Every structure is written in structure tokens, then in C-alpha cells.
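Each chain gets a letter, A, B and C, in the order it is written, and its residues are counted from 1.
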Amino acid sequence: MMTRPLTLHPDRLFPADPTTRAIARTLYAQVADLPIVSPHGHVDPSWFSSDAPWTDATSLLLAPDHYLFRMLYSQGLDLDRLGIARRGGVVPDTDPRAAWRLFAEHYPLFRGTPSRLWLDHVFAEVFGIDVALEAATADLYYDLIGEALATEAFRPRALFERFRIDFLATTEGAQDDLAHHASIRASDWQGRIVTTYRPDGVIDVEHEQFAGAMERFAELTGEDVHEWRGYLAAHAKRRAAFRAMGATATDHGHPTAQTANLSTAECESLFARIVGGTWSAADAELFRAQMLTEMARMSVEDGMVMQIHPGSFRNHNAGLFASHGRDKGADIPMRTDYVSALKPMLDVVGTERDLTIILFTLDESSYARELAPLAGHYPCLKLGPAWWFHDSPEGMRRFREMTTETAGFYNTVGFNDDTRAFLSIPARHDVARRVDCAFLARLVAEHRLEDWEAADLAVELTSGLVRRAYRIA
Amino acid sequence: MMTRPLTLHPDRLFPADPTTRAIARTLYAQVADLPIVSPHGHVDPSWFSSDAPWTDATSLLLAPDHYLFRMLYSQGLDLDRLGIARRGGVVPDTDPRAAWRLFAEHYPLFRGTPSRLWLDHVFAEVFGIDVALEAATADLYYDLIGEALATEAFRPRALFERFRIDFLATTEGAQDDLAHHASIRASDWQGRIVTTYRPDGVIDVEHEQFAGAMERFAELTGEDVHEWRGYLAAHAKRRAAFRAMGATATDHGHPTAQTANLSTAECESLFARIVGGTWSAADAELFRAQMLTEMARMSVEDGMVMQIHPGSFRNHNAGLFASHGRDKGADIPMRTDYVSALKPMLDVVGTERDLTIILFTLDESSYARELAPLAGHYPCLKLGPAWWFHDSPEGMRRFREMTTETAGFYNTVGFNDDTRAFLSIPARHDVARRVDCAFLARLVAEHRLEDWEAADLAVELTSGLVRRAYRIA
Amino acid sequence: MMTRPLTLHPDRLFPADPTTRAIARTLYAQVADLPIVSPHGHVDPSWFSSDAPWTDATSLLLAPDHYLFRMLYSQGLDLDRLGIARRGGVVPDTDPRAAWRLFAEHYPLFRGTPSRLWLDHVFAEVFGIDVALEAATADLYYDLIGEALATEAFRPRALFERFRIDFLATTEGAQDDLAHHASIRASDWQGRIVTTYRPDGVIDVEHEQFAGAMERFAELTGEDVHEWRGYLAAHAKRRAAFRAMGATATDHGHPTAQTANLSTAECESLFARIVGGTWSAADAELFRAQMLTEMARMSVEDGMVMQIHPGSFRNHNAGLFASHGRDKGADIPMRTDYVSALKPMLDVVGTERDLTIILFTLDESSYARELAPLAGHYPCLKLGPAWWFHDSPEGMRRFREMTTETAGFYNTVGFNDDTRAFLSIPARHDVARRVDCAFLARLVAEHRLEDWEAADLAVELTSGLVRRAYRIA
């Protein structure tokens, strides 16, 4: 079989100019092996409570990765043939090896995308494969990966240790009982995996499972969650429960960044419409808006860092939503305003010095125009890293180019991998470290920064900022 | 006479870094001489039906090129002195040689613009001129170009062959009888020139010539175009007639990308207002919106590729519109939403796999935020190349940098010259090939792509993608 | 004491690629020492009428610079400890040396920001300091700067001459009596310092000092400024008075770029609501909009160049506004529309050839989409340089990359320092010259421009364009 080699070039992602590249290389050498701090992501905690082996390449690497199947779908491939679950979790009766072959055959679609960088890193570094993925090597890959996964060394906990992850935050809904986290903490395993409080399910009345989530929210807290005061008390209880499972942060994924500053009477009246089922779309938005302010108030009290991830039009493809449900690669970013949207909340908590609110965006036009000026002024605001579609070499470069001059480096918070693809975590952090070192190297090469400052900053961007921002000891 | 040399450097538009430049050079060598495929543009088909010689530099190169006279006008030059036609086509009594001299004298205004790159290419490559254009060489240019145009070698068909154009699509209105195309096809000349169905004139009720266009539309189809069903039938007939003249695509130049998904009853009622003259501005917009969905439905039936070119505020300069009419360089891009705007249409045809809708934009902020995520998901959507003001080295570079990581290369469709300036077609394709090779070279130099992959992609971006997207055999 | 050296590298801000850097160096050598033309800024004219010595580093360099204290505030520092005045001008009882130490200790916050570049230039070039600012050198800096300021050579007029400033425009409100300018002109000192007409205070009825400004406006003009005709006459008188103090330009800092084109009757009715105190927020906006058109009309008459600086949400931080008032680094840019907003004014004056309106933006997404196409068409429109948050190396680079291909270089107007930080003026112009030379060098290196053209343009961007645009002899 004629195959092509798979190699990860040691200088990948560094600028070609020899002066700049040499500086980037030196900077990277200092941070390449620092432990991974992953303060925000979506890894499944059950993997680490059970430590059960994964079974095959398709179910581990392909089926859960919406970056992969959205691209394959965009080129006309049938999701059933890729083994992607239909609505309600029904998995099509697809041979996983056949799905993998289909993926391998279409691997050129990923040229120039971060998925390609991450996957090649997983193949080469995690599995030690030395030939490139293509139709001709699909079976070889499938077999090698399957065999590896059957070994002790590829169990979740073993990989966690091998990846030298110092801290990993998952994300759970307010209605989650955190059983897997409790089980991890009760075990004798020392891996530091914590949860994050994501209350969207009990805040977004437009979510189709709102009623069920509220029911569970009531059960878990014993509060009357259909009354405004009780509803807030339930949040307070659950926040405490999440903190007990190590959480240092909350996360909020609203369609917009809108906040509100209503009186208690207005809140009560609005909430009555929400739980009474008489709400309008404007009420739903206003309620989400008010809840960001309420969450900020609670963060002032309990010290949890608040993350706001706005701007995604979820489930844009009506046909696919009908057949396959949520999270199938059909979420599309929207233009997102921060300046007017955040003001009501900032009027309440803007000058707090012990509060940290981390802002993310899918709308890069807001980086230089809104986000950097906001974070470069308000004590409570920090900028999250380039997110989702922008978590990529060009996206990260634009993030630094468009935010640094106004917000500086110290109003940013290091890298988030924000992934459910556990095996790709080292790859993602490696890309971020390389891109940051490349950016710093350019500043040094252009005499905008001294070399010793860049060395200091490389460590800050990898380790210092994330630990301080997310309050990680 | 002291003149400066005019030379086209073989490495133009390649990055200065020697490693990257060498890679770009190698890639470019493989595509530099590939035949031109021009799937969208505005060349006048009568040139090729009559094959009459062009007469002079001013009427061929200056007067029809709004890129040129908009810049000259912006610096206070009188359009009359440049020989630009007034409203109603009245050509001012201007000596074309004097107009050319005025242009030559102001040629420095074009420094740093793509017009400068295209024109120098036309002067050097098409006419073989070896001194730079400036006041001192204006007459020399005027004479040389005039003499060349009088020869057989500079007749339209001869140049078409010399340029090695494999496929050229022009654009005609629904009310056009396609006589020139019929005449080209009836001739013994083998040049492949086809039409494109552009029905804006019978869809945009706000266009001042809507009534006349509708009349002609009725004549050509024999349908009752003032009744909804007959109006749709007329479109179907004309689409078939355009396909008979080689058309593989339709084109839609609306102010926004808004689409709609109305019931038949709503369509009938709306259409009654449109043809009854009782429409509001909102009706006009809604009708355009609904017609995009109707055109998409017809494309599912007849296989024509649909192009959407939204976002231009036409005829922004009221004074100039009064004196000189349309298409005088006074069209200004607007912020353009795609995410909400396209949803009604996508709810109808979004999951079709045999439909191709090519999206263009004048709002680069939509590249990474909206267009790449849409095209990287929906099977029917593809991204058109950098358009109009962005059809330029920096514009093309930004297009690749902001779309590739999310949409990949394979959801793009190669280059469009979109021009009426026939002589500049080789120059425009050359710029696109160079900029794409420069982008690929950077990915290779940064070890984000293998060299053999880049070589494959260079050919795809030049030839493969455009042929497949526009269904060109 | 272990200190680090402070050096300004001669190649700073030039690209690392040796070919490009060499070209940039050559271009820069031709413009590095050209006199400074500063057509727009906020330097205090009283410094030059009194020529009194400045006293210390804190009050001169730190306290008035909102770029500095906004960053320090964003990191939780107390403004009182930095000596920043509270609302009503009450200066906290802070030891200026202690404030300086606090600043020095936090100097790393400015890494990667233009403030760092400007300050290092001031320290090294203006004060001749050769060690870097840090906690350990805070006192050394404070003492050296204090000693220097006590000498004749550091008096305002002496520095003005040392900086080789050929022209400096300050900005005064319509209600300002211009006494300092009169005094400068009456003195035997030859420095060319002129005013700029900024009538926002008597146009923006939402400004808390509108009533007082109107009173003063009436006193200074003797007109009945509460009647529409008298109000316009007052503007005309004050514009003449400003021209007598050398003004060649007006300046307008509105929240949006909205203009209007009302009839006289509508103007009178609107103005009655404005001065009668019965206005709504929409009236306030409409009045500002109409006044841009009125100012444009007056500019056609009197030849003053009009500058529009829209898009800042002023005093965003409610808590800080309450405690510290305006201009405390809490102004945040907003998305800004130009295409629809400017049309009413352009319908009136758009085709004027002797009018110059210079457009600025805080919304970079408008560069390529709206501003370059507008300036590349309308004879009266020019593009101001990268402004405020974008007055930075990356911001200036993006400005050139996003505007040049459509508007060319000749529809831009050179550099504005727009600063009240007088000592940083040479630093700011130096950064602009270097970044422009770097941009030109790339065009030369990529064979998009000849070297002699770039040399010509470097001088134009430094000197020619600004003098012609602002009508400076």
C-alpha cells in the first residue's frame, strides 16, 4: 500500500520569516510542556467516574464532533451513513467501520481547518500513527485506534494523566444532580475535574425542555421555583452545590448579550408570565436578560466567575432539527451588540472589583470596537479567548491583533478549549500556545516588546492569566 | 521624452519572505496557464455576435469602467470631460483623446488599487506597451491602443481565443430576447459564451423600468404576467429559454438577502398589490424576498445554480443620479444580514443536495460570522469569491483568512471576474491565482498544509471548484 | 539598583522580513524629520499663552491621559490613588510621587499597547532617560522629569519648537471666547497654533451643560440664539471669529453619523422644542442630524473643512460618571452606520467640489464596506486616519489594508494625533510615519507599487495630504 507520511512539524504555526520564527521557537520552548489548565469545556464527566474504555474511532472521534459532521453534511453526505444519532438519540444502524471509511475518504475537506490540525495531532501524538489518513489507510486507522482503546493506557483517567491536565472544568445544567462529579471526588483518583454552573435550561423558557428542567430544579432544591423568591433561592442552593463539586464559574449561553435591570415588582410580574405560560418572545428575552443581572449579583456574593457566551442562532436548519434535534452543527453566529446590551447589568455591578465576568463573542467585529474598550475599562470585565468558529489559528491571531492594543494582555484570560472531544485537548492547547508565541514573536521582531517581556507573557498567557481569572489555586 | 518603464514583475503579489515566495512561485507555475473559466460577468455579448473592432482607448477602457471614473469623480473631475454618458445615454461632446489625457494625468490616483494592477496588465500583456502611463505618455498610449484595435488580432473573437477563455457567462435580464447569444450560437465560431438568467428587472418593482420590463416579459412568454400563476409560468419559460442559450445559472442582485416563505394565498395577494401599483416599500421588499424562494424552488426543478448578490445601496448620489442615471460608481455597500434573512428560503430548500446557491457579500464582517458557518453546514450553500470592492489582493486574502477555517476550501467556488471590462479578464484571473497561491504558500510554510495538498488545491481553486459549482462540463 | 535599559530600536514597527524592512527603512529616512503638521487635537492652548512650566510627571503625563488611567482602573486600581480628579474637578489629596510609583509598578499592563510605545518615546527622546520604567526606577523617573520640567528648555513654547511643529490645531467649543488663542497671536512668539470650531456644546441638548453653553453663545454673538434664524446667525458669527483665530476646520462629535434634510418650517418647529425644553430623545438626535447639514451648508460658504467623529457611547459607566464625571475612559465605541445616515446631508452638498468633509470611525467594519466606497466616490468626502482606539500600529495597518484598494491614498488626509498629551505628539507622528512606511514597503516588496511611487507617497502621507485636506498653507 502506497501511503503518505504523517508528521507534525516542530515549527508548525510559526511565521515563515526566520527571525520571527526563531523567536517564536524560543518562546514556545518555555511553555510547550506546561500542565494544561482547562477552565471551560464540555467533556463528559461520566468517562472519569466510570473510567470505562472507549470502543472505537467512530464513536469516540467522529460521531460526537459537530465540527466534523457539519462539514461532511455541507458536502452532501448523509448523517445516517456517518452514524450520527437522530432526534431522541436513535443511533442509525450503521457499521462504524463503514462510517470511518467514509470520513477518511473525505478527509481532504478539512484542509485548512483547525479540525485537521487537531486530528492529526491526536493521530500522531496520542495514537502514534505515522501515515496520513486517507481512503487507503482508513482500515489501518480504525484497527490501530480500536486496539489502543482496548488497553489500560487509553482509559480516560490514564489519558487525563498522560495529557498532564492540572484542572478540567466540565459544564452541567442547573437541573443536573452532579452524580458523576460526586463519584469522581469520592474515588481515590486524584484528577482535578470540576463542574460549572450552566443554568440556561431553567432560564430559557423557549427551550423545549424548560418545563422538565424546572421540575427537576424544584426537586433538587426543595424550593418553590414557580415563585420569584423561591426561584432565586433555588439558584443560590444549586450554585452552592456546584461550588461543593469544585465549580469556580458559571456559564450563560444566551442568544444575545442583553441584560436588564428591573425592579423586584417587575421581576415578579415577568416571572409570573414565564412560569404561567403567558410569555411572549420579548418576555423570554427580557427574562434571560434579567437573569444575567441576577447571576452577576449572586457572583458578587459567592465569588463565582461568570462567563457569557452569546450570539448563536441555535438549530438554524429546520429540516435537520426535525430529523436530528439539537447540536448537529446547525448553530450559526449572529451580529452581537455588547455596548447597549450589557449596560443594565453594568449599571448594577460594573464597578465591583471582586467580580469577574468573562465575555465571549462569535462576532469578531466586536473585538476592537466593543469588547476591548469594555474590558480595557470596567474592573469586572475580562475577555474570553477566541471562541468556537474562531478557535483556530487565524481566529486567535485576529483576537490578539484586535484586542491587545486597547485591552492589553492582562484583561484576557488565557485559553479555553471548550470541547467535548477529550482526546483533542492537548492538540487544542498546543495550537493556542503556538499562535500566542507567534504573535508575541512578531511584537519582539518589530521591537514593540522586549524579549524578556515576551517570555514573561508567554507563561502568563498559558498559565498565569487563566489561573487568576478562574480563581484556580 | 523621459519615460518610466512598465514591467510586470514575475513575483508580483507573492509575499516577500523567500521561503513563502518560493512555494507560491511553484504553485503558481502549475496554474498560471490554465484556461480561463468565467462563470459570472457582464461582458456585452454583442461584441462577439458582431465581432466588430473596438475603436479607441477611451471608449473601450475608460468610459465603461465605473471603477475608474468613480475614483476620478471623487477627486473632483468632471464626468463630461471624461466622456461619460449622461442620463438617457447622451454622450458629451468630448474629444476621446482629451479624456484619455486627463485620465493619464491622474493615473497616480490608482496607486494601491486593483484597477492599477489590472490596467498595467492590459497595457503590458494585451497591448505590449513597455512604458508607464503618465501625462507624458498619454498620446503614445492612445495611438498605440487605437492602432492595435484596428487590427484583426484585436477583434473580440480573436482576443477571446488569445485569452484562452474556455467558458464565459454574460448576464441578461428576463426581458432580454437573447438575440446576440442566438447569433453567436448560430455562427460558425466555437467560443463558448453563455447567458445567465437575471430576473431583477421583473422582480424589483422599485426599479424605474419595471413596467416596461414586465411588458416585454409578457410578450416574450405569451403568459399573463399580471397574474401570480402566469407570472411564475413566465419565469419558468424564460429560464428554459436561457438554458437553451447555455445558461447554467441565475443571478439576483437585491438590496438585501431577505427571503420569505409565504403561502400561495399570501403570494397572490402580495402580487396583486405589486402589479396593481398599490404596493408599499415593505411590499416591494417582501416580494423580492418571496421571489428568491420561488427561484430556489425552480432551481430545484431545473438544476440552475442560483447566485445571490445582495447588499448594495444603488444610486446613493441623488445629484449624480439625476444628471447621469444608474451605474455611475455611486453604489455603496450596506451592512447585510444573512442568518435571519435566508432562513425562510432555507426552511424550504435548505436540505436539498442537488441545489446550489452561491452567496456573495459586500459586508466582509459576515465572512467569518455568518457566511462560512452557513456554507460549512447547509448542503445547498456555497460561498462566492470576494466581490466587487473586495475583488482585490487584500480583499481576496481576507476572504480566505476569514472563511477557510470554518467552510474549508471545498465550499467555495473559485473565482468570478464579474466584469464588463473584457480586456481585463486575464489580468483579473491572474491576480486571483496569485493571491490564492500566496495564501496556500503561507499555509505550507507554516506547516498547516502539505505541499502536495497545496498543489492539488491550487488547481481546484483555479479550475475544479468553478466547474463543479457552476455545472460546467 | 538593577535596572533594564530603555532603548528605541531604529527599526521598530518595521516588518521583520529583511527585504521589506530595508524598503521601509529607506522610505522612513525620507520622512522621519519632516516638520509635524497636527491639524486636529486637544492640546490646552493656555499652555502656550502663559508658557508656564509644567511641574511634575504625574500631573503632566498620568493624570490627564485617559488611555493610561482607564487601563489601570480596569485592573482594579483606585482612581483616587492615581490622583485623578473627581466630578467637579476636585483633585484627591494624593501624593503625586506615590501616584507615579503606582503607575510605574503597573507599567507591564501596557505591554502591546500604543501607550507603551508613546511613553517610551517620551521618556527616551524628550527626557533622555535610558533605563526602563518599573517599580525600581519610579523615583528616578519622577525626579528626572521634575528637574527637566523646571528648566527653560522644557517650557511649552520651547518644546513646541524643539518638536518642530509647523501647525497645531486645538479644539474649542462654540461658547469659548478664544482668549488664549488671542493671547498667543498677540504675543511675539511665532508658533502656529490655531483653533477648531467644535459646536457640540450648543447642538447637543442632551449634554448636561447645554443651557449654560447657549447662554454664553448668546452673549458672545449678541444674537437671539433661541430663535432658529438667530441661532444660525450666531453660528456664522462664531465660525468667523474662529477663522480669525486661524481655524480652517470644524469638528463634530455626535453619538451617530445621522444627518437630516428638513425644511425651514420643520427646522423652526424642531428648534422650538429643543430650546423650549419639550424635546424627546428622537428630537435631540434629529436636531444633531439637521445641524450637521447646516454646518455643511455653512462650510460651502466659508470654506471650513468639516470633521465628523461619530460613534462613541459617552460615559458608559454610570457609577464612575456619578463619582468622577465625563472623560474618564468610559467612552465605548458603537456600531456606526454611514450609508443611510449621511445620505440626507449628501443629498444637499454631496456633489460640491470645494467642500471637504472628513469622516472618522470607531467601527472598523465600516472601513471597507462603507467609508472607502463613499470617499472613493463623493468629491466632498475624505477619510480621516485611524481614530482613538484604532490610533495604533495594528489599527493603522488595518486602516490602510481596508481602505486603500477602494479609496486609494489620495482620498485620505494623513495623520491626526488627536491628543491632549502634548509631549507625546512627536511619538505619535513617528508611529504613524513608521506604520505607513511599513505598509508602503509591503506593496513595493510585493511589486504592487514602484519604489519611486512609494517614496512619493510616503511624503504625501506625512505632509502633502494633510496640508491640502485641511487647507494649511
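Quick notes
Assume a residue touches a chain if its C-beta (ideal position, glycine included) is under 8 Å from a C-beta of that chain, and two chains touch if they have at least 3 such contacts.
Predicted, not measured: the structure shown is a model, and the values here were computed from it.
Taken as a graph of touching chains, this assembly is fully connected, with contact between every pair of chains.
Fitting chain A to chain B on Cα positions gives a rotation angle of 120°, stated in steps of 5. Chain centres here are Cα averages; for chain B and chain C they lie 40 Å apart. Each of residues 17, 365 in chain A touches at least two other chains. Of all residues in chain C, those touching chain B in their complex are 17, 19-20, 337, 339-340, 343, 346-347, 350-351, 353, 365, 368-370, 372-379, 381, 401-402, 404-411, 442-443, 445-450, 452-453, 456-457.
Every residue of chain B that touches chain C in the complex is listed here, in rising order: 4, 9, 11-18, 70-71, 73-76, 108-114, 117, 313, 316-320, 329-335, 362-365, 389-390, 392-395.
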